[in-house]
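Input: structures, listed below.
Both complexes shown next keep chain A, but they swap its partner, so chain B is in the first and chain C is in the second.
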Partner chain A sequence: MRKPVLLKDSVLSDKRVGLPIAAKRAVSQHQQRKAFGLALLYLSPALLFLIAFTYIPFLRSIWLSFFITNPQGDTVRFNGINYYTRILNLDGSGRSEYLQSMLTTVYFSLLVVPLGIVFALALALLATLNVKAILFFRTIFTSSIAISVASASVIWALIYSPTTRATQWIIDLLHLNTHSLLQHSSTALFAVAFMTTWTSLGFNFIVTLAGIQAIPKDIYESARIDGASSWQSFRFITLPLLTPTLLFLMLISTIQSFQAFTQFNVLIGNEGPDSATDVFVFAIFTAFWKDNRYGFASAMSVVLFLILLALTSIQYRLLDQRVHYQ
Partner chain B sequence: MSLAESHNPQEIGRPILNLGALIRTGLLYAALSIVALLVLLPLLFALSLSVQGPTLSPTLLPDFSKLDWSSFQDVFREEPNLTRWIVNSFVVSLAVTLGQLITSALAAYALANIDFPGKSFFFFVFLGSLMIPWESTIIPNYLTITRLGWKDSYQGLIIPFMASGFGVFLLRQHFKAIPRDLYEAAVIDGCSSTRYLWSILVPLSRPALATLAVYTFLNTWNQYYWPLLIVDSPEWRTTQIGITAFRSSEVTIYNLQMASTIIVMLPTLILLVLGQRHLVSGLTAGALKG
Partner chain C sequence: MNRVKTLRPLNALLLIGLVMTLLAACGGKPAAPAATAPATNPPATVAPATAVPAATVAPAATAAPAATAAPTASSAAATSAPAATSAPAPTITPVPAIAQSAGSTKITFWYGLTGANGNIVRTLVNTYNSSQNTYYVEAIQQPDYDATITKFNTSLAGGDLPNVVQVYDIGTQRMIDTKRILPVQNFIDKDGLKLVDDLEPAVARYYTIGGKLYSLPFNSSAPVMYYDRNAFKEVGLDPDKKIWTYDELLDAATKLTKKDADGKIIRSGVVFTLYSWIYEQELATQGALFADPTNGRETRANKLIFNNDAGVKWLSFLKQLVDAGVGTNVGRDSGTTNGSVRDSAFVKGEAAITFNSIASLRGYINNTKAAGKVDVGVAYLPRPTGAKGGVIIGGASLWITDQGTPEQQAGAWDFVKWTSNPEVQATWSSSTGYYPIRKAAYDVQEMKDTLAKYPQFSVAVEQLRATEPSFPTQGAVFGTFLQTRLAIEAAMEQFISGSTADAKAALDDAASKANDTLTEYNSTQQ
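So, the complex of A and B:
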């Protein structure tokens, strides 16, 4: 790339010599075309993979959602928006199981999100304690980041299993007529939610800790001099200044809980009690994988995309505010 | 002398203060240890079950007088495919990580260092890919991979993940932070743009590349949905599919099941301890933009 410098020199000399403007423009256009070619060369590997495995499949999902498909995934017959009206119960059939599964997903996130934030906040406050071995404890608190949802599900399946009797005391306490918390319609979703909270603990902790550490120390210092108790400085300094972080965490966990699949497939499979654990992503999986209804499953995935898009746009707006705030 | 001593409150107060501080520190450590234990409880539970021998009625705490560590060896004999699963996961995770590093670095270089028409459009294409959730692409991708005959193959597990909008975005931010003067100086010295990328930009961006590498490796190692669809025969399973299938197999031997789960977790746990800083920055950046 000696050229740009040469160009600069030549532009300088152009001024002195007084080359015609058209010639200068020709040089710069040639230069631009060359830069474009070079850039495209560098961009092309990433671009080709993203187009082939993200953009085209996404458009194909939308296309498929308007068709009835055969088990090979070929479109058989145009179906209009029938799948969408079926999912949203606008077809007048009164069958609302897909709306119901969206509602179950909302319940699930209402369990996961507050639990996750409370635990993360508690851990993050502990992790700001001023003791020597604090880095060691921070690593432990972060550990669940490295544990896959699949591994965690295998372990928690045994924790909830009647064989190990690890959760028998909860069943006794609630006087439930069941062998396992996962098999009772009133506790199954909560059991999966609690396990999910554990798997996301490390991530939630890290984000919250980073948020606390970003609060300037001198605010606490002056509060202490003014005689504020540690509860007061938590209530009136930490909590308000941490609100943007917690809001952000809330949205991220909501999006993640809307996409939760692994734990439902491993812990519950298709034997959920009274469809109490039939979340939307699992309903997509059933339509796609078990029933081979590719068109219908695509329509569901487009609906999910729209829900997540709405959540993400709220998240971006929030992030913008946070940037202005600082 | 004695007058001065008795009037120095610090001298009198220090021993008492030290004792108080000592008790305080002790209490803090006790609280931290209890919470750490609670956080680790599921892992300790898994470890406890894995050392109890092939019993059908495991207890929460093992008999510490006769811990049976043989399950960590036996599991390789009982499930001969376990070694293969681990190899599969390593091959796939390393290939995807390397692939994403290369494609992201090249694209990020173009976006950060070259002035060309349509730059913001291309940037938007990369950023926009982050808005598309995998659920909305997985059905056509599955149909494509099946049609290509790539089920039960490394290319089926690797090729769809060779590029990531997040990787491009992350590296672009770091490349942009490197002063432009450096580029101009290198160019004056006769450095070609490709050489500038590989011998100056890449070494200088090692932290960012490490972040992307650790983050991608972890995510790929822990993948579940895609391999579940793409893998039919047991020897092509990745570790995550392997351990969950192992669980639902008819003979449930708890110690082997937990031993295999722990073995499969080790690479990512080691990665966490060694690369915690990179992992943390990758995860928080990923969440911010994901």
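So, the complex of A and C:
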């Protein structure tokens, strides 16, 4: 809302003060329209792309979600909100696989987000140590940022593969009746979550390190003069001043973990043992590409959109409240 | 109706875009590492991140699994009938196409075979193109069978269809439902050819729906049981026995399982993937229908009934193997690379028996030759005592579309007909591992040489010819085969892993899911 007000102010503050008020308003309205047109012109390249590739598909998917489509993607029959009731298990079928799939996504998030942040924080603290060749270590800690999720998944597919036997010791340790951690319903999601944590470590590390380095050194110095131990400095200085960064990381990681798809597709390739890794995005993928139920996939996308929208707004609110200013 | 029609050209693009962009829109915005000022971006700025998920999702969907591991083609064959096993994908240099001669009519041809087999397709097309000047076939490779039929469907609206397209067995009903197909039967009748009589009968039956041959089979395979003859001899089993019942095989697997001093298994009796294609075959060996009525062969199938006794028997057999510690389950097959784990276990002698397509034969033989430990034998698929059925073919066929001018359509038929020539089929079979679709191909010297070199190969053809024609062995046709296979494999996994104690319950659940999708699909086809 702020921008139009500014625009109006600038129009009103020009030199035509002597005109009658009605005329002034007419002129200003005319100028406002002109300014708006100009703004549209400047915005048009970005707008066109957004409209073509984001807003039209977005609106169309909402529209499609109310229809049954044939394999060619034509709408065949109006379906009302049946797809939505099916997803949310309100249709009386008693089959809750899509709600279950949402829960799986939440579990995955709960595994990936805290783990990712704790690891990143630990590494970032290590990287602030004043030792020789710290740059070398920082580069190593960052390296996973340069690996795409797809490549990382291929690497980890080999690690988990029963032919390499790299993770056989874990299977033996847990006495699992399986040949691969990815094929047991109790370990599959953990295995993918661990790989995801590793993949996102580089990015999380950089952000956390930047956050730590942005904390002024003089605070630590005065704390040391007051006799604070290094644990106390961490607990009472680093951690509180780092909360904005950590909350920001939490926000991004949560959204990313809700959107995670590539690693599931490469490592598992289906909904997993007992649907253990059937995260919601994978269920959408299955509905669209394997089942060719475009209307249904659209309805699922809309549901996911709404969930993420709610989640994001909650997190933003948290973010606004919990930020510690110096 | 008209308004809906005008929207069609955009559908393909928009539908693909929509899911991706939605995901991006869901929360793509924090793309920049704005670590110190996190709360400044309003939640609606989706622009910068739109491309990110789209870019990471799309290529991974098709390319990544293929690259994951292992030297086999099992992921390309993922959801369809299998391709040959040992295609070392990365080392293949594509055979270049020859130039179009002036004045020839261009025919476009999509094919879904990749790797070494894809190259042989290109070589065949070059042979055809240089054999005559009237037509020129432009061969366009697709990522795999799944992608081929998806692309075909999304291209229907734009009208930019190929003249000829190779589609896998389970895409048959969907191809008919596009209503853009010219059945090859029409061309055969017009030319007054006796072609159908010389086709391998089981293959001809598969592609015949409602009495009409819709597409011309090109690459055909069949399922077999592979075993290590050396291991069989070692434990005193008959290495030449062709038909094994479940009970006999369980007994054999027990004898074949070898443990070391610590009780660790060094050779498992059987290694297998949870593979719907084999499940379908086991229904056929027991003469059970997969879909009702009549496997969709006379009228459209409206109910999937694969959750029957025959299926329970097969699952119980697999479970018995695992529970007795003489069988190794390496996980679901479709869409995964677990097939390569099975193949590797078999060729290394870590398991003595497995079930797979005959198209994998030469891969197995070539990979076992070096070590000299395993002597590959081929037998019929196992069956319960007294089962009288047979097996269903797998593979792919060539479809002619109504796209283009009459000359192009005539050219499409000319090319398709040419691929069924005995000489072409003999070359194709000898260089790939699929069996010829023409009986006459066995008279060609090249084919005779191949059979002399791989005598195991003839067992597959023998098994096929021993199969009595019936609806169960003809194979099911319906529009949602791909997702049904996924549901079946999920049920197999639930039961074999022990999370569902009752095989029937697991299969019932799969059938109910698969029927939902089928009912919806059928409702869009009226």
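Heads up, the rule we're going with is that the second predicted complex is superposed on the first by the 270 of 326 C-alpha atoms of A that agree within 3 Å, B and C clash if a C-alpha of one lies under 4 Å from a C-alpha of the other, contacts with A are read in each partner's own complex, and residues count from 1 in each chain.
By definition in this document, contacts are C-beta pairs under 8 Å (C-beta built on N, C-alpha and C of every residue); 3 or more make two chains touch, one makes a residue touch a chain.
Every value quoted in this text rests on a predicted model; they were computed, and no experiment measured them.
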First (chain B), second (chain C), both or neither touched by A:154: both
Partner chain(s) touched by A:56 [first = chain B, second = chain C, both, neither]: both
Touched partner set for A:305, first chain B, second chain C, both or neither: both
Partner chain in contact with A:291 - chain B first, chain C second, else both or neither: second
Which of chain B and chain C A:210 touches, first, second, both or neither: both
Which superposed partner A:70 touches (first chain B, second chain C, both, neither): second
First, second, both or neither for A:261, with chain B first and chain C second: both
First, second, both or neither for A:131, with chain B first and chain C second: first
Overlap of the chain B and chain C footprints on chain A, listed as residue numbers: 46, 49-50, 53-54, 56-58, 60-61, 64, 73, 148-150, 153-154, 157-158, 163, 203, 206-207, 210, 248, 252, 259, 261-262, 265-266, 269, 281, 284, 288-289, 294, 297-298, 301-302, 304-305, 308-309, 312, 319
List of chain A residues in touch with chain B within their complex: 1-2, 4-5, 32, 35-36, 38-40, 42-43, 45-50, 53-58, 60-61, 64, 73, 122-123, 126, 129, 131, 133-134, 137, 139-159, 163-166, 198, 201, 203, 206-207, 210, 248, 252, 259, 261-262, 265-266, 269, 281, 284, 288-289, 294, 297-298, 301-302, 304-305, 308-309, 312, 319
Of all residues in chain C, those that touch chain A in their complex: 4-5, 8, 11-12, 14-15, 17-19, 21-28, 30, 33-36, 38-39, 43, 46-47, 50, 53, 56-57, 59-61, 63-65, 67-70, 78, 146, 150, 153-154, 156-157, 174, 177-178, 328-332, 334-337, 340-341, 344, 479-480, 482-483, 486, 489-490, 493-494, 497-499, 512, 517, 520-521, 523-525
Complex interface listing, chain A residues touching chain C: 46, 49-50, 53-54, 56-58, 60-61, 64, 68-77, 95, 148-150, 153-154, 157-158, 161-163, 177-180, 182-185, 203, 206-207, 210-211, 214, 244-245, 247-248, 251-252, 255, 258-259, 261-262, 265-266, 268-271, 273-275, 281, 284-286, 288-294, 297-298, 301-302, 304-305, 308-309, 311-313, 316, 319-320, 323
In the complex, chain B residues that touch chain A: 25, 28-29, 31-32, 35-36, 39-40, 42-43, 45-46, 49, 56-58, 60, 102-104, 106-107, 109-111, 114-119, 122, 125-126, 129, 131-133, 135-144, 146, 159-163, 165, 167-168, 184, 187-188, 190-193, 196, 218, 221-222, 224-225, 228-229, 240-241, 243-244, 247-248, 254, 257-258, 261, 264-265, 268-269, 271-273, 276, 279-280, 283-284, 287-288
